[in-house]
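Take a look at these structures.
You will see chain A twice below: alongside chain B first, and alongside chain C after that.
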Partner chain A sequence: MDLENNKAQMRKGILEYCILSVLSRNSCYASDIIKELKEAEVIVVEGTLYPLLTRQKNAGLLSYRWEESQQGPPRKYYELTDEGRKYLIDLDKSWQELVESVNLIRTR
Partner chain B sequence: MDKTININLGGTLFQIDEEAFRILRDYLQAINNRFANVQGGHETIEDIELRIAEIFQTQKGLAGVVTRENVEAMIAIIGKPEDFDHGEPEITAPVYTSDKRRLYRNPDDIVVSGVCGGIGAYLDTDPVLFRILFVISAMFGIGVFAYIILWIALPVARTDSQKREMFGDEYHKVRSQAAKTGDFQGTETPIYNTNYNSSTKLGNAINEIFRAIGRVFYIIFRIFLIMIGVVFVLTGFLFILCFIMIFVFNYPGVFSVDSSGVSLIYFFDFLNYIVSPKAVPWIVILSSIALILPMLALIYWGVKMIFWFKARDGVVNLAGLVLWVMTVAALTIIGFNEGINFAQTAKTSTETVMPHSPDTIYVRSDKKIADLKFEKELALPHKEYSVFINDEKKELYIRPILSVDRSDSRITSVEVKKESAGSTEMEATKKTEDLQFNYRLNGDTLHLDEYFTIPAGRRWAADNVIVNLHIPAGTIMKFVNDPRIMLRSSYRDESDKYLHSWWESGNGVWVMTRDGFEPVDEYPVKHK
Partner chain C sequence: MKITVSINLGGYSFNIDEDAYAELKRYLKNLELHFAGEESSSEILSDIESRMSELFRSKLTTYKQVINIDDVRQVESVMGTPEDISDNEGPSARDKFSSPGYHRMYRDTDHRVIGGVCAGIAAYWNTELWLVRVIFFVLAMMGVGILIYLILYIVLPEARTTAEKIAMKGNPVNIHNIKDSVKQEFDTVRKNMKL
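Up next, the complex of A and B:
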């Protein structure tokens, strides 16, 4: 079995959940989300994030507005939509269930 | 000093040195290849470009020149496109064994359509080899066909997994090598092809020549395709135009079907006299669809060929095909229902014997076609069977057949047979009674109508009237009126064997000999 591969698959599964969780605390720029995810070692390269943000935005979970930046070009300022919030609650539940299921099996 | 290039990245201007520019361009091309065909991909590409601009700006400010180190640092932050999916550069995708390899067209290595690029990838060989092979075999004609067949048969490797199948195990080797050197290349020289391209400079030069030749061939191919498309469109339009002119405006014009001038143009009008009135509009609508739909398809394909666009028209095509098949099926069912009325034919005949056998029999027409009032003449194919339609009286008129044969006895007789079709033999027999045909014998003269009448309200049932004249050998027969009307274009005897044409006797005089019925040039006759 390939441990690295397995780890990557797990991370991939929770990545979208993590993005929504970061945004649920406060709205922020893509680079802020990246910073948090990198610190938590959920992602390695930034490129992973952009397609996911686009997909979530197109799914109606996120919205953004343009904000001028002191350091460079204008940046997208992301926040959760109402739909995104509802979706996140569902994901929270699913995550809880998953953790419980795994614990149940591990501690048996 | 190194050359610097000005670029616009996400709305910000940067100065970048040549080497860095090359790496950046290849990197952006790789990003573009990765997302161009993904839903919302363009937005992702824009986001990444903005981020690159941001990174450069924090590294250099607006004044500095972006160098190779900057670009490499930026790539390390954002990552290479193949790492996006996995989130971890070291991760290897499932290994593809060589038996899973498939032949595709390689969209990243195209000269004409990517066939040779695909074969090269499949066999881990420089595609230039196959290009040369195809050009050589094209001189003998085989190559062109083989190439076109491969072009049609091979799918394009669009997705990552398809490319993996195309390259097999080689894929990862090539990719990881490309990843290590940071050597990202665009469509012209794709990353997957790095090691092949480095093989020879000569190969590259030849490939370039082939690309140029390929473009020329592509243009020729397009012109050819446009020409076919134009033919398709014109054919479709002309057919529909003809259809409308003939069947809607009843204008035969130059499109007359039959050389005799009369044609099938009144076919839809004639339908009223053949099938049940309820079926007529259905037949008209259904057969119009059945004829016009393929022509519309032809026009559409033609337009598609001319303008060379790809459309998601699979559903429309399928719907059209289904509609057409259903139309034809419905027509068949209606045709079958109506055809039952023609299942059986029956003949009734009456024979009149002449009290004495005259030496000369005169044939005279009473009611003449020349005096007939009719609106339309419909010539049905075969057997010179014309139907004259009088829409006012709702009557149909048809010529009888005159047939003459030798009687074994010395007796002269006239037999009139009426023939009709019906669903049963009884019904067919009953229908023959409707046919109105007048004839009488008066001394040595046979009076005949030039046509028989199908009265109003009675539908056409493949009706025929056959006047069978049995005359002893030596009897002369003289047509008082134009014989061509009675004899149609050729005279036939009972067995329907071709014997003579009416024009063989210039004066309309014929004689029955022991060998058969023959024309006489002068009257009275010289007996043989």
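Up next, the complex of A and C:
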């Protein structure tokens, strides 16, 4: 068994959930999301984030607006759509169930 | 002393060493290919470029105004290689992004004398370029060669992108082939500059 690969698979599974959770608090621009994900150690290389954001946007879970920036070109601020909020509630539920399932087995 | 190149990355202008530029171009080309099968791939790439631009800006000060190869390598390691990114997406990701041996005829203007028709044919059939040229010369002497050449010139598209240049030779378009091909391009450019 390859532990690193296993860890990567787990991270991958929860990464989308984490992105939506970060955005559920307030709208952010990509670098803010990166910062949070890095602090929580759910992301290793930054390149992983951008295709996910675009996919979530294409799926209608996110939208973005351009906002002027003091330090340079305008930035993309991402926020959850109503659909994204509903989706996140579902994910919250299944995450809870997963945690409970694992706990049940681990403590038996 | 080093030559620098001026580039626009994410709406910012940077002065970047020549070798660093070659490395950055190679990296972005790899990413481009990696996301080629993806919907909105250009959007993903421009997001990545904006982020890289931000990381590069944080490396510049009044006393350091040029991006060097170490900066590029460092930013690349932060962003991750296409391989790192595809590992996160499961084992099948690499196959998904390489199309199987797409093979078609182009005009090869890198090796052209007139319009690259002969070079394109030679690349397609993997034969000697001089042989194709001799055949065309003989056909031209017989009176039909020039017409055939003109028709082919009009019909065949020019191989512009790296992916087209690889498809011209019939190799499968994947990250490794693109890497080789881009490297070859740089070696040629470098040689030409030294001459």
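Here are some notes:
Criterion: the second predicted complex is superposed on the first by the 108 of 108 C-alpha atoms of A that agree within 3 Å, B and C clash if a C-alpha of one lies under 4 Å from a C-alpha of the other, contacts with A are read in each partner's own complex, and residues count from 1 in each chain.
We take it that a residue touches a chain if its C-beta (ideal position, glycine included) is under 8 Å from a C-beta of that chain, and two chains touch if they have at least 3 such contacts.
Since the structure is predicted, the reported quantities are computational estimates derived from the model, not experimental observations.
Of the two partner chains placed by superposition, chain B and chain C are both touched by A:Lys12. In the superposed pair of complexes, A:Ser69 makes contact with chain B only, with no contact to chain C.
Look at A:Ser31: by the touch rule set out above, it reaches both chain B and chain C.
Once the two structures are overlaid, the count of chain A residues touched is higher for B than for its counterpart among chain B and chain C. When the shared chain is aligned, chain B and chain C each come close enough to touch A:Asn58.
Residue contacts after overlaying the shared chain place A:Gly47 against chain B and chain C alike.
5, 8, 11-12, 15, 30-31, 44-48, 50-51, 53-55, 58, 72-73, 75-76 are the residues of chain A that lie in the contact sets of both chain B and chain C, per the superposition on chain A.
Against chain A, the residues of chain C that register as touching in their complex are 10-12, 31, 35, 38-40, 43-44, 47-48, 50-51, 54, 57, 77-82, 84-85, 87-90. In the complex of the two chains, the chain A residues touching chain B come out as 2, 4-5, 7-8, 11-12, 15, 30-31, 42-48, 50-51, 53-55, 57-58, 69, 71-76. Of all the residues in chain A, the ones that touch chain C in their complex are 5, 8-9, 11-12, 15, 30-31, 34, 44-48, 50-51, 53-55, 58, 72-73, 75-76. On the chain B side of its complex with chain A, the touching residues are 10-12, 31, 35, 38-41, 43-44, 47-48, 50-51, 53-54, 57-58, 76-81, 83-92.
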